[in-house]
Every structure is written in structure tokens, then in C-alpha cells.
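Chain IDs A, B, C and D follow the sequence of writing; residue 1 opens each chain.
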């Protein structure tokens, strides 16, 4: 039941904001209230699923994977909404953006959340496809929020590439449906369970082709390398809170759909085929990004490429199977938390320095001390330096991989080292050095730093102690995958 | 223990003999072989002039260097590394004393001295190593390595005691002098001690060479030492002093002699 | 409708897609798209006649209204309104496009995709043609430079997927129908809002001017 | 052991809390460090005497592979002893030294990272699980990175920190690969499991693990090909930290090499030891040569750390060769030699770094050319620095000589007992050790002479005063320690020779006594007996008539010029003369002449520079794929689809 409340409340929020356009901060209040409500609901769902296992009703079926994703979306959702309140006040103060645009932002944001929740919990592939299409639409308009030519260009590219990807995904889903429709005549909605049960009738070759189409289709949404081209420009031109949401929440959601289809293909032709494909894409993404990062000159693109690399690492984790799956899930959670905190800190830097180019940003430690510390901790965590959890998950993925893909693991380790150098070069150039004279030092407002500290706090707690219910959810997912 | 007395007693004598031999080769009579004793006595009783810039190292170095030669003399038949590194203390303080007065000559003297002694160290250690273990030679033939080791040792002797091809003890020409330039600033009893220390060092080397290379017995040692003095005097009067940058090649040759000696021996 | 007429109709669609690939004038490709969607509505109407499923009738009407009438008219009006230059440039010259289209059709009919095209053995040739349609329309998007022709390309791509679904025996399935409806809905929004935005900012619908967002 | 770590953690977080008030934070962090160090000393000494080996597990852990398990055996106790010893002296030193950072930087952060650094080191030497070791290893590196860039106003330090962390990270990647291969064959990361399962690892894989571990730990220890970060990073850190880093941190690399090569991978082929021997000799030779070319005092000391690491590797390499030729007696001798030299190097290297720190604190520059005549203003620091330089150039009464003497004995035994090619490698190693000894002596005469003796080379030296009290206590304690370790090294030497008869042995105490007695005798005789009535007149140095300006003295570059020209094959020196004339027309009246002698670091210009260029070229080429054209992006997806379909079907 809770899921209906969540989606319903989001749609309701967007309607209220549209209707009561007059009141001054109706948008802010409603969106914060709704995101808190959604967090409580998804926590309840997670606890319920942890205790009683997957359950489904009407159009929704929530399994442990879905519950974890809901938790991620809810946590990132609350933090970004709180951040965007203060962020837009500052932007309005510098009259970069008008108040109508801010209202549009909150409307689209709640639509975006409802679409993501639907995508993760829907019980039929077509419904998830429509939900993902919905996210593409809402984010396309969000990217073009600033109404500058570059924002429009980024939105256009985002739109064209993602809709082609989704059409490929649609074709892939259709291929999965072909043998199934002939069986049940009543024409009811085909759910994941129906697909899974008679996956065995699926012709092996068709399921292979279907999985390729789905992987490349939804892979565009996740941003694996050949299909990643929209990501850097979209993240740079979008408002910062949206960047955090895109990489923190949308990436895992799109990835869950690939995983669900992989489950079906695994039952028909065994896991090896799916795993090899995932490893292939993961490897290309990590190696490609580790070279590109060295030559970047914009710190937002740096974060975009880093999320491509982490997407590659997660695909790799699922590709290696066994211990790798648990590690990849943990890696997804850690990555969402740390990447969104990095994005929010980069938002602060953008507000202060008014330019995203690395050349203009110097001496952040002097100008924004707290943000600099959050950014450094985030940088150390995201590149997998040990004291933090992501090092552990990286090692676990490697241990899963070393058994039968030794060369791949060695290449990955070397390219992560190269990635560390690239990322570190830019971060140390930004953090240290003399403060440019035009910038006056001092944190903009405490509300712009609390969200990052909150995210990093959760991350550090999770990297040392995993609560039992989350542990149970992770085990269920790890068990369900070959 | 008797070496502590014998070495300082007879070292000026050897230097006197060398000077006498050189004089004979230049067919002049030259001073008597006991002249060094008189010089030392004279220097001990003269006043001293100490530079304003010098620190306690300059004042205290002569005592350490002299004492080092005595200590080295004391455990001559002890461990070879100990002897080498005790003499190295002497060189260390000699070079520091040279630099302490802040005059250009002292600085360059210690820089050249350290270059020479750094390169000679390899040859020195290896030659003593071969000789002290010559009886352990596994596959018998120990004559050729002995010769090579002795040649290497003799070159090191000339280098360490600042004799001819490396440094001309008689000259004060700032372009060539190494040992003399370091003790340029000294006078009075400190100069005496420094001179005496270098005499002792020479005698220690001759004694080492004699004792290790020709084990005929204790009685023959004075004769062999005399032979050493004669050889040194002979070289000083027939050979020209090498240019400074050809010295490393000579020292590397001595090092290679010793390495080949060890290679052959075991 | 026996196989022969189906083949004949599919041949018409194939020609329209090839034509929109080559046509110099943009209006030609829009008219081509109109004809294509007309044939698709006929096909869905035929499957409605066969099965008598009411929802199919609803979809027939919807596609007819939107794809056959609204979309072409709207695009033509858009072109007139913005005096968009007539010629729709492509990256490759015509002979090369022909060669690629030929290779793609050969690939679609090849042994590689054999299992895909024999889902329903009777429709083997139809499915093969539909698959080649998909590949060609994908290539159309890549080849065209104008924003409007790219949208036309994406819509043809969507049409070919629908055709493949129909021939692969998915007429009945609710999924296909929802998919079609939602797709139409999405593309109405995109074409109306985005095209005007691009035009306002870039002065022309030529995509090649949008290249300043690079690393 | 756990309470030792807790003390340091309290120190770390305490100094963070107190960061508002500089003085309090400084006192808190240093006093905590001193208490922790004393506790560590007591712990290690009791552990050493009673031969207790203890293992701990800290808390249960949710993840399967990682178990926070510590195992303390004699080797780790020895290293805990070194760490706590040097931490004790460097924190005493830091009490006054950190005062000159007071207004500039956040002292709380310095205390926090200092304590984290020590905790990292303690965990590294005691952890017995691969992943726990890697976590401790990286905590140590990251904490020391923040210490290196502590003085961040000077951009060179930030650049030094960058090179340091990048090199350490590359080293860690090699170590991770090595551990992964071990995990693959033995199925777990725990050292005991690896040790018992090490027989199942095929020989080829063992060699691969050896090479990877050598590169990984060699980068941390600073052996020659991977040493470029050491002369850059150590000088950048505050002096008490660089003392700790070069005294102790690089030894953790040695500790892990011993742990893996001598303990885990035991049946070991001969060529491993020989390779370490060769690397050791090359590192020691090149280390000392580059040290000679330096005129930045802290860089000179950093290069000497490379040289001493080379000497330690000689001991380690010979012990590895002897174990593989199963001569346990000699193996024990050479291992004790290398461990004794690790202890000695820790003491005299931190002493020298502290001395350098005191000098830099007063003169505010690291360039030796601007020093000179400091012995008049800082007599005690000069004395301690003299003791340090005598110890490092292995002059007898101090501890440096006795550990080098043991290494020599090990190498001599190698020459006498082994045969054919192995003998010639041992001869090459002994030769390089001999030359390193000589060149080190020359280098430290230059360092001490140029800094302390004669007149000051730059005018404004009047306001220099002696180093504050706590600095002198720190340095005094360490110099006393070098002397005591030297004199009482007899026990260690007899322990080393217990089952091998050496042709000669040296007993330190009677050498020292005889040395003292003779010096006193000479002074008595010379000063009071012979010329009690001579006067000592003080007047200027002989100046052949010209006025004796600072230009007359020899400079550090001048001193080393002859040696550099002799070794110009390796060092490739380039001499540059900048002459300034009174008036530009006639060339005969130069106003001033500046000679700069630059040495080309062959590793940098022939290995690291080209590597960097290649990576940059590749990354720029790949970046161009993001060309901005939408059609190109769609083309990538199209190609990906076609390739995937063809490749998979």
C-alpha cells in the first residue's frame, strides 16, 4: 500500500504547486513535506520486505532489490530537496533564475520522483519502460531550466540519445514478450513473474538478442561507455541538485531494470552470456574514463565521468557474479551517497566562483573550508582509498573477478590507479593554492553544507556497520542472482 | 700495546729516510734522517696563531687526528674494517679542519682529499680483505692474487698518505697541494701534531703492507719498511705528479686489481 | 488479409523510408512519414477486423488522427512558420547511403537473424523486411543533420518497431498498445516544446550548429 | 596493543577538538604522543624479553574477507620499538618546533594527522590480514600526505604532496594485485592461511608476486627506480614529521618485504635474493651520488635515506640468498645486520633531520649556499649534527659503523663461501658498499662544513640564536642514543655470530675506552707538559692580501664539483655561467658571476617524463571522441549495437 501513497503524494504535490501558484513558498514546503513522507514510507516498505519478503498487489511488486532502490531514491531525494531550497534562494538573489522557473523546477522534480518510484516498483516491464520514459521527459525539461542556449543543446542531446536508447529497450521488451503472449489469451498485463516462470520456453537466441537490445537501450540511461555521450553535457548544464539526483538515483534505477531482464535471460541460457556482456561494457567504461579524466577542464564533467566509471564498476561487479553481486550492491549504495554529496559540494563551488572551469577555481580550502573538507573526503571515498567503504567493495569485486578473469581485474586495478591520478590532479589544483581576488571567503549558508555532511555521515556509518535489515535485503538479492 | 709507542717514535725516522733518498737521487746531500725530529721539537715550542673564524673543531682536530693514528696503530693486527674506519675518522676531521678557517685553499684541499679518499676506500677494503684471508684460498694458487693485491694496496698507500703521484708533500702550490692545503692555517704545536699524525699514518700503512704481505717474521719488518721508504722515495724522484682528474682512473685500477685478486683466490 | 497484400503494404512502407532517406527536400520525408503511418493504421485495422478487440479500434483511430494527420501538418506548419531552409542535408552523399541501405537489408535477411525472423514461420519474409526497416530508420537518424528530420527519423524507427511487433504476433498484447499510445504522447510534447525552444535559441533547426558542448 | 592504539586515537581526536587554541592543541597532541610512545617502548621491550607472540581480533565484521586481526611476533615488536622510539623524540622535538606554525596553520589538524600517521604505522606492522593491512597502509599514506602538504602556502609543497600520493597509490595498486594473486591460490587474505597455503602457489605465480611486492613495497621504501617522490616529499613536510617519515615510514616497506619474502613465501628461489642485492647496491650508490649534487639540506638527507635503504636491502638480499641456499647461520647474521642498520638509520637520520629543521627554523631557507658559520650561533645543534653525520658515515664509536660492519661480514662470508656468478654479485655488492661509505663521508663533510663552519655566506646572520630547549633535548637524546647503541652493540654482534665463526670480531667498548684514554693523554702531554708557556694569538685567516669576503669560502656545489665531474656519465651535469658585466661593451670587467650546476635525474627524464607524455597524448585523443556532434553520438550507439549483435551471436 505504501507505494501508492508515495506516488500519489508526489503527483498531488506537483498538482498543488501548479494550482496554488500565487502563494510564495508553497512549492518549497510541499516538496520537503512530501519527500520526508516518502522517506518514512520507503523505510516502512524496506522493513516490511526485510521481514516478510517480496509482496505485490495491483500494478506493483516490490522485491528486496526494489526496496533497496526505494531507500536510495528516498534518501537522495530528501537531501537534494533540502539543498535545492537554499540553492535556489541564492540563485534568485543573483537573479540567475526567476521564481516561476523555480516553481517549474519543483513541479518537474516531484514528477521525476514519482516516475522513479514507479519504475522501481512496477510489476510489468512495459510499466517500468513508461516510467523511465517519464523520467527522461521530466529531466529533459529540468536540464533546459536555465533557458540558455547551452542548456537547450544539452537537453536536446539528452532527449534524442535517451529516447533512441529507450526505443531499443522497448524493442527488447517486445522480443521478450513474443513467446509469452501466445500462451495467455486474456491479454492481461505481462508481469515480471509471468516472464520469469515461462522464461524456459523462450528461444535461447531470441533471449540473447533481446538482452543485447535491453542492455544497450537501458545502458544509455545508465551511461555505459559507448552510450555515455549525453552524460557530461547534461550534468554540467543541469541545475546542481538535479546532477546529484541523476547520478545518485536515476543510475541505479535504470540499472535495476537491466538486472531484472538479466534474471530472465539467465534462466533461459545460463548466466555466462549475460555476465560476459556486462564485464565487456564495464571494462570499456572504466578504461575509457580513466584516460579521459586526465584531460578534463571542467569539474562538473569530472564528476560526470566519475559516475560513468562507477557505473562501469557496478556492471563489472554484477558481471563477476557470486561475491561480486553483494559488493556491487554495496558499491551502488555507497556511490549514490558519495556522488550526490560531491555534486552538492560542486554546487557550492559554482555559487561562489560562478564558473565551472577548473582553471578559474583555486584555493577552495580558503574560500569554502567546510565544502573543501567534504569535497576532499568525497574525493578520497569515490576513488576507493581504503579507510572508506568503497575500497572494500572494490577489493571484493576484484576478488570475485580474479578467479576466472585475472587479466580483466589487473587492467581494472591499473586503470583505477590512473583514474585516481587524474581526479587527484584536478582536486588538489582546486583545493589548494592562492584565493583569486574577486572571491570573498566564507561559507555561503549553513544549509548548503548540512546535506553533504548528512550524506557523508550516512556513508561512513554504512561503511563500517550495516544495519541488519539492510543486510537481510542485500543477502536476498545476492541469493536471487546466479 | 707496544705499537702505541713504537709507531710515533719511528715514523719521523722513515720520513727522514725518504727525504734523504730523494736528496741522493737529486745528487745533493740533503738534511740528516733525524731532521724531522728536530722540526717537530721546534714546532712544539713555537707560539700559535689561530684564525678568528675558526671554531672549536679547528682547535680540537689535531688532537683527535693524532690520537686516531695511535689507536689505529694499537689494533693493527685486529679487525681490518676497524683500522680503515678509524683512519677515516682522521680524514673526516682533517677535511673539516681544512674548511673551518674559511680560506679558499683549505676548502679546495678538503674537497680534493675527500674525492681521493672516497675512491681509494674501495681498493683499500678489498686489498686488506684479500690479504687477511689469503690462507683461506680454496683452490691453492695464492701467488698471483698476492701480487695483484699488493699492487692495489701500494697505490692506495700512495693515495692515502698523500705521496707522489697523488699529491706532492713538499709543495705549497695551491693548484696541486691536497694534504698541505688543509694544514695551511695551523702553526705551533697543532701543526706539529698534524705533521706527526701524517708521519704515523705513513708508517702504519708501511707496517700493514709489510706485516700482511710478507709474513717472514717480526725481525724482517724494519727491512721491509725501509724497502717501502725506498720505493716511495724512488717514485717521488722519477715520476711526475698526475693531473687531478687522472687520479680516479689510477684508483679504479687499484680497485680492479683487488677485485680480480679476490675473484682468482676463491 | 493474406500474406501477399501484407507484403505489398510492407513494400510501400519500405519505399517511403528509403525515399525519406534520400529525399533532398524535408517536406518529402514528412509526407513519406504520413504515408507510412497510414499503412500502419490499415494494418492495425486489419488485425482489429480479425480479432474484433475494441481497444484495437481505439488505437487505430488514435494513430490515424495523430500520426497521419496531426504530425505531418504540424511539421509542415512549423517549417513554413520558421522559413526553415528546404534542403535537409545529410552526412553521406546519396550513392553511399544507397550502399549502406542495401547492406543493412542484406544483413537483416542474413542467417544471423534467422531465429528472429522465424518467430512466426509464415511471416518470415515480412519479419525480415521489418527488421531491415528498423536498421535503416536507425541509420536515417544518424545520417540526417536537421533537428526536424532527426525527429522524423526517430518516429519512423518507432513505426518500424510497431510493425515488427504486429507481424511477430503481438497484435493482441496490451503492452504494444500502451507502448504506442505513450510514444505518441511523448513525441507530441517533444516536437511542440523543444523545436520552438531550439529555434528561438539557435535561429535554425540545423543540429550541426550545436557543438560547443564538448570536452 | 589495543590500548596503545587507543592512546594515539585519543590524541588524534583530542587535538581536533582543541584546534581553536593553538598552544593547548600543540601541548595536548605532543604530550599524548609522548605517553603513547613510552607505552609502546615498555610494551615492545617486555614483549621482546619474554618472547611473547600475541594475536588480537578487533570486533566482528559484517564483510566476509576482512577480519581486523593483529598478530604481534618478534619482528613486529622490533618495529613497534623503532616507531615508538622515534615518535618519542620527534614529539619532544615538536613541542617547541611547531611554535613557528602557530598563527599560520591549524595546529589541531597537524596533531590529528600526526597521530593518525602513527596509528597507521603501528597497524601496518601488526596487522595479519591482507585487507586490514591495505587499509592501515593507505591510512598511513593519506595521513602523511596531509602532513607533507601542511605548509600549503608554498605551492611547491602541494606539488610534492601530489607526486608523493600518486607514487604511493601506484605502489599500493601493485600490492593489491599481489595480494589478489595470493588470495586466488590460497583462498584467503590472512597471512597465516597464505603462509600455510603458499606451497600450492605455482612457482611462476610466486615470481609474479615477488616482482609486484618488490615494486609495491620498493616504492614505499624508495629503492632506486621508484625513489623520485622521496627527495621531493620528505623536505616538504615539517621537520619532526620528515624525521618520522624517513626514519620509520620507509622501514614499513622493508618490514613487509621481510614478512612476505622471508615469512610467507618461504621456499624461495635464489635469484630473488640476488635481485634485491643488486637493487640494494644500485640504490645505495645512486642515492649517495645524487645526495652529493644536492645543495638543499633536507633533499640531501632524503637522498641519504635512499642510500641507507640500499644498505639495508644488501643485508636483506644476502639473508634471502643464504636462506634459499639453506645456510641458516649466515642468513641470521645478515638479517640481524639489516635490522640493526634499520634501527641505527632510524636514530641518526631523525637526528640529522631534526638538526636540519632547527637550522631552517633559524635561517628560513633550505639552501646550503646561504648557510655558513652557524657553529658560532648554534653550538649545541652543530655538535648534535656532527654526531649525526659521524654516525651516518659509519665512523667507529657510533652505531652506524657497527651495523655496516655486520653487513660487511655478511657480504664477506658470501664472497668466501659461495661460488661462480653469486660470488661476483656479492663482490659487486661489497664494492658498491665500500664506495658508498667513502662518498657518504665526502657528502657529510660537505653538509657539515658548508652549514656550520667558517664564515656565513649571506650577510644577515646576526639575529640567529640557539635552538629552543625541547629541540635540543630531542636531538641530544638521539645523539646519546647513537653513542649508546654503538658502544653496547657487542651483544647484538655476538648474537649475530652465534652459529657462524667469523675470522675477526670487533668489541666496541674497549675500542671506545682506548680512544678516550689516548685523546686525554695527547691533550695532557701537548697542552700542559710541552708548551705550557706558549701563547695563542688570535688573528685573521691568511688572505693573500685581498679582503676575505664570503666569496672566498668554498661553497657546497664547489665542494662536490670534482666528484660530480668524475661521475658525469651517470649524473650528466650541466654547468651554467651567468656573468654580469659593469658595462655591456667590454667583456673584461665582470661585476658578478653566478655558476649554477644542474644535474639531470636520469630516472625522471628517461622513464617518468616519456610515460607522462604518452598518457597525456592518449587521453587527449580519446577525449576528442566527445566531439559535440549529436549524430556522432548516435553513430556510437549504432556501432555498439551492430558489434554486440555480430560478436555475441
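The definition used in the following text is that a contact is a pair of C-beta atoms (placed from the backbone, for glycine too) under 8 Å apart; a residue touches a chain by one contact, two chains touch by 3 or more.
Here the structure is a predicted model, which is why all the values come from computation and not from measurement.
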Comparison of B-D and C-D by number of C-beta pairs in contact, larger one: B-D
Euclidean distance of C-alpha centroids - chain A vs chain B, Å: 79
Distance from chain C to chain B - Cα centre to Cα centre, in angstrom: 100
Rounded Å distance, chain B centre to chain D centre (Cα mean): 35
Averaged-CA centre spacing for the pair chain D and chain C, given as whole angstrom: 70
For chain B, residues contacting two or more additional chains: none
Residues of chain D whose C-beta touches two or more other chains: 623, 626, 630, 634, 641, 645, 649
Chain A residues counted as touching two or more neighbouring chains: 156-157, 160, 164, 205, 209, 232, 292, 295-296
Each pair of chains that touches, named by its two labels: A-C, A-D, B-D, C-D
Chain A residues within the chain C interface of the complex: 124-126, 129-130, 133, 137, 140-141, 144, 147-150, 152-157, 159-160, 163-164, 167, 170-171, 173-175, 177-178, 181-182, 185, 187-190, 203, 205-206, 209, 232-233, 236-237, 292, 295-298, 301
Chain B contact footprint on chain D (complex, rising order): 373, 375-376, 379, 382, 386, 390, 393-396, 401, 405, 408, 412, 415-416, 419, 423-424, 427, 430-431, 434-435, 437-439, 441-442, 445-446, 448-450, 452-455, 503-506, 511, 514-515, 518-519, 521-523, 526-527, 530-531, 534-543, 548, 552-554, 558-563, 565-566
Residue ranges of chain B in contact with chain D within the complex: 4, 44-57, 63-64, 66-68, 70-71, 74-75, 78-82, 85-86, 88-89, 91-92, 95-96, 99-104, 106-108, 110-112, 114-115, 117-122, 124-126, 129, 132-133, 136, 184-185, 188-189, 193, 244-245, 248, 255, 259, 262-263, 266
Contact footprint of chain A on chain D as seen in their complex: 62-66, 131, 134-135, 137-139, 142, 149, 152, 155, 158, 161-162, 165-166, 169-170, 173, 176-177, 180-181, 183-184, 615-616, 618-620, 622-623, 626, 630, 632-634, 636-637, 639-641, 644-645, 648-649
Residues of chain C that touch chain D when the two form their complex: 91, 112, 138-139, 141-145, 150, 207-208, 210-215
